[in-house]
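The same subunit A turns up in both complexes below, where it pairs with subunit B and then with subunit C.
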Partner chain A sequence: MSVHVSPTSTYVKVFLTLILLTATTVWVAFYDFGILNNVIALGIAFAKATVVVLFFMHVKWSSPLIKLIAGAGVVWLVILILFTLGDYLTRTIHYTAPPI
Partner chain B sequence: MSEATSTGYPEENYLTQGSTLKSWLLTTDHKRIGVLYLLTISVFFLLGGLFAAGIRLELATPQGDLVQPETYNRMFTMHGILMIFFFLIPSIPATLGNFLIPLQIGAKDVAFPRLNLASWYIFVIGGCFTLWALVSGGVDTGWTFYTPFSTLFSNSHVLPAALGVFITGFSSILTGLNFIVTIHRMRAPGLTWFKLPLFIWSHYATSLIQVLGTPVVAITIVLVAFERVFHLGIFDPSVGGDPVLFQHLFWFYSHPAVYIMILPGMGVISEVVATFSRKRIFGYKFMAFAVLAIAVLGFFVWGHHMFVSTQSVYAGTVFSVLTMLVAIPSAVKVFNWTATMYNGAVSWDTPMLYAIGFIGLFTIGGLTGVMLGTMGIDIHVHDTYFVVAHFHYVMVGGAIMAFLAGIHYWWPKIAGKTYPVFWSKLAALIVFIGFNLTFFPQFLLGYMGMPRRYHAYPEEFQVLNVLSSAGATVLGVGYLLPVIYLTYSFFFGARCAQNPWGAVGLEWETTSPPPTLNFDEIPTVTGEVYDYSPKKEAQVV
Partner chain C sequence: MSSSHAHAPGLAHHFDSYEQQRQSASLGMWLFVAQEIMFFGGLFTAYLIYRLMNPVVFAVASSELEIKWGALNTGVLILSSLTMALAVRMAQLGKRKAIVGFLCLTLLLGLTFVGVKAIEYTNKWHHHLVPGEHFSFHLSPTEIGALQSHGIDVSDPAQAYYVQSRAEMFFSLYFAMTGLHALHMLIGIGLILYILRPAWKGRFNLDNHNFVEGFGLYWHFVDIVWIFLFPLLYLLGRHLPHA
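Here is the complex of A and B:
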């Protein structure tokens, strides 16, 4: 199995991207976007994680099995968030039984 | 079980490769690491058992007169933490799994032998932290570390205990990772996926849970530590947190963790039932897919622990329905074991006695799980002894019975020695009787409304509690017997034949005990799995 060797410039680009995204996080923290605050912060964090996983951890050049395993991690995180939100977002909906 | 002929026993095997402490502590041989795990978890089982004895002793009388309530809280917490994180979770995978997976797939070792040893050291370090919490005075939060009690109010030693669980989680992740890679990459030529023993399938499914679930509980514990030390508002409502969030995160791991405990047991039972029925497992592919289905579905049901936690009733309904679905692949397992025995040449050797016990007890544990997954019933019996009885039927009646079945089945492979047939069968019987005497009364107590985690109770519950405590004594004897005769067998037992059960499977193709590199020559697999046709007769004692 051949092993992908990334040039140093790739790691420099990854580093600069992460720094830029961190600076963006700090910058947007000074503004109030209301309900979008968390969405923006999590979006930036997700973008950073994607860069690390794809380029720094070489998943982009890995076998389909490795991609499947990495993808499964993301899917499982989505399960956790989705079903937890399924609780929080429906707590205030009260069910009233129809009159008999 | 047959004894060895003069030529059957290998003078050179993994046990003879050095007898110094250093040769054991620095080994990378998966078999020796399995034995190290076996010794370590036995110590934790003994400690956890002592706390159980204390609990049952206290509950023999209704007054709560043996220990202070605070001490009682610490006893059941330490019992839970030790038994779950330091015995049940590593029990079958880290001992039998470590020992057998390379042997069953025709490999010389696991994929990452050094990582394997590292995982044992991490486990021991985690255990030391928990023991530190124990000798410092213990923890009183319950094994679930529920917030805000564990973060804001508890004055016991939460941090070292939680740190111990956090550290030992990495051991679990590394073992799972090692098994996944080993099963993918190191199978012998010709050993395709549908020729793998179900023991391998079940460990593959277990490893997926370990790798996907354990990081979540690790992060959750870190958050508890942050809140406890830095007073960050994560789970505390007064600063914007939510205690129910802890329960979501905790059970996202801890419900699948139940399957980490039971799936390897199902793998053991499949091997034992096939061998002692002299038949291929009925519906082999369904059995393989059933373990994967349980592993995946197990991640969608955690909310059934939270029906009375202010969780939304709509989420509760979804979790309740999904919980019912787990019963389907679980039932497939039970029906197919039974169907395998049907028309088989069933023999009643010790491992089979444990396996039959497992099937019955697991069925009761599983069906009461369906009852508890029903919201209406759960609200009535939540946090009562009904729940305690249910999960002990799964974890003790299921996982530990399977562990004992596996230890007795593969003991000739591990030690190369025989054990006394009479005593081992007697122990199996005592365990079965003792177990039911301990835990069946708890179903009745729970249904009548006795809550768990209290050191005193109304007098009308005393008869059933005394029965339960008496059963615990019987159970203790049942567990002590194998420790005695297996230790004796290891040092003084008669040597056994290479394949005393006449079983099929690659692990029986090599000598007992196996050489350090398992096989003189890597085998090539041409036949089918569980190929008991034409029937191989067990060698007679």
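Here is the complex of A and C:
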């Protein structure tokens, strides 16, 4: 198995995509879409991260073992966040209200 | 001793081939990146919990950050990821001078990022937004209005104290998260300086350029962390009315 060498044009396209997505997320942030602001901001962030992982970090052309480790890192992060929030968000004391 | 014991240049004796050595290096680096996800993950989780508990104050505190610096640094870091990816590409092709050239560009962009961060930290210091004894979150009339529309009345001392304490928590998280990220940038800058000389001497060739590949993974990971820090810290309260 030899190393896949991406053409420079691929990297430039990835760069332009990332800049475009950054401009979009900044522009959208100035408007009030309520809860959708968070959904859009995080959606764009995940899209950018995916592009970086696949092309800049070569995961698209990496062995299944590398793909597994990269995926496992994300899965463990989701476990960390979901289980912790599962605790905090189901407590009966409402932390969202100012303690007055 | 037969000649079969002689080392091929750049091939460690415990590997059968350059390809096996390359895959082992890549695997090790990815394991490191996976634990780095958990390392930053703890801070992201802490941020998420405090933000969900205090959404309005976090949005107002977030609007104190200067979006121009944050956006500029996002662009700088993405550009540095491009130059880093091209440095790795040149290493894959065994082009010695081009590796050094792209590493130098990456170094300059990394230094730019840290420089901008220093400007931001200095501004926060002058505005009393560094958590501690002198922390004081000044509210503009529109920010007071934004808080009031969500049922938080800062003319009540108890509620004003609540706003101050949660704003301080936002800035604690801001400094912890961007600080840990900036530390990674400084380590990255140090590593570029460390490999410039061997790169110039032709240490990274077609057979073995694993250090450059592995360092590239590190640099891109640090870029990804910022890709999440930027919207979470800078864009959160941008839609609120400003004075």
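By our rule, the second predicted complex is superposed on the first by the 90 of 100 C-alpha atoms of A that agree within 3 Å, B and C clash if a C-alpha of one lies under 4 Å from a C-alpha of the other, contacts with A are read in each partner's own complex, and residues count from 1 in each chain.
Just so it is clear, a residue touches a chain if its C-beta (ideal position, glycine included) is under 8 Å from a C-beta of that chain, and two chains touch if they have at least 3 such contacts.
Small disclaimer: the values here were computed from a predicted structure and weren't measured.
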{"item": "Three-chain arrangement built on subunit A, subunit B and subunit C clash or fit", "value": "clash"}
{"item": "Subunit C versus subunit B, contacts on subunit A by residue", "value": "C"}
{"item": "Touched partner set for A:Leu42, first subunit B, second subunit C, both or neither", "value": "second"}
{"item": "Touched partner set for A:Ala72, first subunit B, second subunit C, both or neither", "value": "both"}
{"item": "Partner chain(s) touched by A:Thr22 [first = subunit B, second = subunit C, both, neither]", "value": "second"}
{"item": "Subunit B versus subunit C as contact partner of A:Phe30, first or second or both or neither", "value": "second"}
{"item": "Contacts of A:Ser62 with subunit B and subunit C, given as first, second, both or neither", "value": "second"}
{"item": "First, second, both or neither for A:Val3, with subunit B first and subunit C second", "value": "second"}
{"item": "Touching partner for A:Arg91 - first (subunit B), second (subunit C), both, neither", "value": "first"}
{"item": "Clash with subunit B, by subunit C stretch, listed 1-9, 37-45 or 217-225", "value": "37-45"}
{"item": "Common interface residues of subunit A - those touching subunit B in one complex and subunit C in the other", "value": "65, 72-73, 76, 80, 84, 88-89, 95"}
{"item": "Complex contact set, residues of subunit A against subunit C", "value": "1-3, 5-6, 8, 11-12, 14-15, 18-19, 22, 25-26, 29-33, 37, 41-42, 44-45, 48-49, 52-53, 55-57, 62-63, 65-66, 69-70, 72-74, 76-77, 80-81, 84-85, 88-89, 95-96, 98-100"}
{"item": "Subunit A partner contacts - residues on subunit C that touch it in the complex", "value": "19, 22-23, 26-27, 30-31, 33-35, 37-38, 41-42, 44-45, 48-49, 52-55, 67, 71, 74-75, 78-79, 81-82, 84-86, 89, 92-93, 152, 156, 158-159, 162, 216-217, 220-221, 223-224, 227-228, 230-232, 235-236, 238-240"}
{"item": "Subunit B-touching residues of subunit A, taken from the complex the two chains share", "value": "65, 72-73, 76, 79-80, 83-84, 86-91, 93, 95"}
{"item": "Residue numbers on subunit B that touch subunit A, as the complex places them", "value": "184, 212-213, 216, 244-245, 248-249, 252, 299-300, 302-303, 306, 310-315, 318-319"}
